[in-house]
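What follows is a pair of complexes built around chain A, which joins chain B in one and chain C in the other.
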Partner chain A sequence: MNRDIILSVSGLKKYFPVRRGLILQKTVGQVKAVDDVSFQVYRGETLGIIGESGCGKTTLARMIMGLEKQTEGEITFLGKKIDTEMPADLRKKIQMVFQDPYSSLDPRMNIRRIIEEPLRVHTKLSANEKRQILLPLLKNVGIDENALQKYPHEFSGGQRQRIGIARALILQPELLLCDEPVSALDVSIQAQILNLFKDLEETYHLTMIFVSHDMSVIRHISDRIIVMYLGQIMEIAPKKELFDHTLHPYSQALMSAIPVADPERQRARIPLKGEIPSPLNAPPGCPFSGRCAKAKEICHCQKPGLRHTSAQHYVACHLFAEGCEETL
Partner chain B sequence: MKNPKRYRRQYGIPIFILFLIITFVAIMILSLLAPVIAPVDLAVTDLPNRLKDPVFRDPDSPYLFGTDDLGRDLAIRLLYGTRTTIMISFSGMIIATAIGAVFGIIAGLCGGTVDIIISFLTDVRLSVPTTFIGIICACILGANSFTIILVIALTGWSSFCRLVRSQIIQLKHVKFIESSRAIGASGLRILFEHILVNIASPLIVQATMSLSEFILLESTLSFLGLGIQPPNTSLGVLVSTGRNYMLTQWWLAIIPSMVIILLIFQISLIGDWLRDKLDPKLQNMT
Partner chain C sequence: MNYLLEVDNLRTYYYSKKRIVPAVDGVSFHLEKGEVLGLVGESGCGKSTVVRAITGLIDPTYARVEEGTALFCDADLLKMKEKELSKIRGKEISMVFQNPLSALNPVYTIGNQLTEALTTHFSVSRKEAQDRAVELLRLVHIPSPETRLKEYPHQLSGGMQQRVLIAIALACNPQLVIADEPTTALDVTIQAQILDLLKELRSRLGMAIILITHNMGVVAAMCDRMLVMYGGVVVEEGSCRTVFASPSHPYTKGLLASIPSVTEDRQRLYSIKGQVPVFSVPVSQCRFLDRCESCTERCRKEEPPLFSLPNGSKCRCWLMEERQGKEND
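Moving on, here comes the complex of A and B:
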């Protein structure tokens, strides 16, 4: 694989202040939605980001898209630092597919205008030139040409998501960010859309960041996987490595939750006790320490850094502190 | 249209509404063409022929609705009166909608202090009775049609402002706005291509609905003597002068009142229908 870094995120933080009070609002705390996250995305790969609801996946995606200003840290895209003020030529190269296909399309625009909007924003093409770009794209995402004059409410969720994908792809971006693009869809439609993503990845040589809370979805689509918990990265590894040698106890619990289509097979379930802690007062040590079966004393007081265990495998856990490579 | 069925579903008009629209347009045209249809001087009186019976009381009467206390043909005065009322309430509505929409957009988009100030102004306006504003304006500027338009604009904008503000605040957090931001669309493009298009239909509906309110307001002010002055006339003036003959020549007040009721009835029902028609979700259900 080409190891050309297309996007790099370092020390990214997003804290949302929590205000109380009717008239004189005081900041009483901070929600650490994303807390010191660093990773790289290589050209041509699909990076899956998985985590429970509220672990900061979406905030992370929104910051990369420049929809949210980071509290701290840097995002570098194609060698240039980006934030909410992104120059148009960079903005063109990073596009996003949204989670909810129902609210992410303007109900008063027809499909042609919705899909062409990026062209209207960034180029001055004639109607005919736009059509030349539009038609092959429609074919690739599986939308009928006759549908162009219709309005979003005339489509099903899966069709709408295809429209959303076409809209994101029409500028031929270098990086496609998908924020839970299938979680609002029926399971049967999910598979179709996932396969569409796989096909499009090949056709357009896409680099993708794919955010989801569903391990089987992530497993299907990703080359590399980041496991997030409470705004922090727990583990980064290539897919095969992660599934063969799951290191972090949280990742193991996630793995054990993937359903297997074999009633005979007994799986070792690792049930997680308790609730995900409030990001308002995260534990001082490892964020997972409160629910971790293997938690040691150090886990409750000291935050583990992200450590290299093998070539591309990183894990943030005291169990794998350097020098004491424990086997599980 | 390729598909006639689809066309009818989208633009089909129920017969009743069609009838309302046609009669409304007919009244508009008739009254606006009043100086052409009946070129008379409104100030000319004909005292020997005062309080003549209308056709439905005396079939030989040359006056359709009879004559008023100064011998003027009520039918002609009704045409001119409707004309004044419609012109005043329409221009008032346009000005009120424009002011309200601009303030609403500013409040909704800017938020913060600007929003607080504009919302405060809206509340202040809503806490002052409309008639009171009318009386003050008439005292300062004199009673004439421009004063009424001003009063309509001054009192009408607040409901538009509230509507637009709430719509914009709602829309600001909808995903398709965010999606356009992610594409890189500028704020102005989002305002014109997405926000204005999406608030247009509630605004149109609100405008039709408030039109009937403004007709009533014009009539009220004229009835109170704060609006149109004789010899000019409006529906309110006609009701107000006809009121004196309620017991003997009741039609002098009742006929103009019926015109007011008819206009408001038409406008409200058309507005109701427009609201359902412009809502894509309700449209989807049929």
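Moving on, here comes the complex of A and C:
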């Protein structure tokens, strides 16, 4: 694989202040939505980010997109630092596909306007030139040319998601961010859209960050996977490595929790006690320590750093501390 | 044989200005005591409407039960008056809904809502109801139930709220619990906890469960038998083992093949072409026609009946006619 780094995130933090009071507002606490996250995205790969609700995966995606300003840390995209005020020529190279295909399309615009809008914002092409770009793209995402004059309400969820994808691809972005793009869809439609992503990945040589809470979707689409919990990265590994040698107790529990669609092959579940703690008062040590069956004393007081265990496999857990040099 | 619930030829239509939509169009099934039945299908297939019709929760301003019977302990639920029905609902048959936050009343405490079910159906004192409520919360593994009783729904997490809903559903020791997508709004680790809880309660209390879901994994983990619905009809019925091991209907096959797997890598997913159509009455063709890869001229002209297959399953597909014929010979 080409090891050209396209996006690099280091020490990224996003704390949301919690305020009390109407006029004289006091900050009474902080929600650590994303807490010290570092990773790289290589050109041509699909990086899957998985985690349960509240783990900060969407906040992370929004910061990379420049929709949210980070509290601390750096995001480097194509060699330049970016934040909410990134220049237009950089911004157009990151595009996003949203979760809900119903609220992410303007109901008063027809499909042509929706898909062409990025072109109108970022370029000065004539109507004919826009058409030249639009038509092959429509074919690739599987929307009929006659549909251009229609409005979003005339389409089903799957079709709308195709429109959203076309809109994200029309500027030929370097990086495509997908925030739960299939979780609002039915199983049979979800399969269509996942196949579409696979096809587009080949046609357009896409680099994607794919955020999802569904491990089976992530496994299907990603080359490398980040497991997040309570704003922190628990494990990063290439797909095969992660599934063959799952290291972190949280990743193991997460995988065993997924119901398998086969009554003969029900796996032994690793029961997780309790629930995700509120990010408002996260535990001082490892965020997972309160629910971890293997937690030691050190886990409750000291936060484990991401450690390199084997080729491209990083894990943040004290269990793997000995004999592994610290990297990243 | 005496079934706990026997639904026969249930039809429920939705009326709009433009057309009549057959949301449930001739559904028959039965449920034994203590059995877990899965009702599977994609959105719009009528799975929720089936149980809403049975429990009399359909909004009469736009929907109507056209025909059919639903015998619960030999009494027809569909012919009952509202007053009779409300004696059964919540006592003999109770429901667990999808979104726990909207199913709980935000202005009443957990204790209030738990005791409501008890005081409605039984003449019990406040003290007795309180004790039972604590017992119920303990049953669904909620820690420190006495303090939880005084809390409001927003103070609990999603998983805890769902546990409270299950506790409310179990308050009167029902014979049948209908769970409509009980884990869809929850995270996977919490979903696993809730599914384990439902399994445990079922073996302890022995109630029957109808589990409505679109998640094949949940069905595989929970159910004894399953019904696969499409376009308002049952397209396949059988024991979970049989259906997962050898699905018969092209739709069931496609649905199972289109799920990305967590245990193995597939290059491409099988995808059922097209999308779920909306029907209007009367339907006189196979409902899966336009999306089916093996449809014939006959599928276009006649709707197939539900064939009984040698392996015990039932399947609504003309392809199965031959297999059924062999059985009869």
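Keep in mind that, in the parts below, the second predicted complex is superposed on the first by the 320 of 328 C-alpha atoms of A that agree within 3 Å, B and C clash if a C-alpha of one lies under 4 Å from a C-alpha of the other, contacts with A are read in each partner's own complex, and residues count from 1 in each chain.
Please note the rule applied: a contact is a pair of C-beta atoms (placed from the backbone, for glycine too) under 8 Å apart; a residue touches a chain by one contact, two chains touch by 3 or more.
In this text the structure is predicted, and so the values were computed from the model without any measurement.
Applying the stated contact rule after C-alpha superposition, one finds that A:Cys317 touches neither chain B nor chain C. Set against each other, chain B and chain C touch different numbers of residues in chain A, with C touching more. Of the two partner chains, chain B is the only one touched by A:Met96; chain C is not.
In the superposition on chain A, A:Ser104 makes contact with chain B only, not with chain C. Touch criterion not met for A:Val37: it reaches neither chain B nor chain C. Shared-chain residue A:Leu148: touches no atom of chain B or chain C. Touch criterion not met for A:Ile236: it reaches neither chain B nor chain C. Counting contacts by the rule stated earlier, no residue of chain A appears in both its interface with chain B and its interface with chain C.
Those residues of chain B that touch chain A in the complex are listed here as 174-176, 178-186, 189, 193-194, 197-198, 280-281, 284. On the chain A side of its complex with chain B, the touching residues are 65-67, 86, 88, 91-92, 95-96, 98-100, 103-109, 117-118, 121-122, 151, 153-154, 164, 167. Interface residues of chain C, counted against chain A in their complex, comprise 42-43, 157, 159-160, 187-193, 195-196, 214-221, 240-241, 244-245, 254-256, 258-263, 265-273, 275-276. Contacts from chain A toward chain C in the complex involve residues 52-53, 156, 158-159, 186-192, 194-195, 198, 213-217, 219-220, 239-240, 253-266, 269, 271-272, 275-276.
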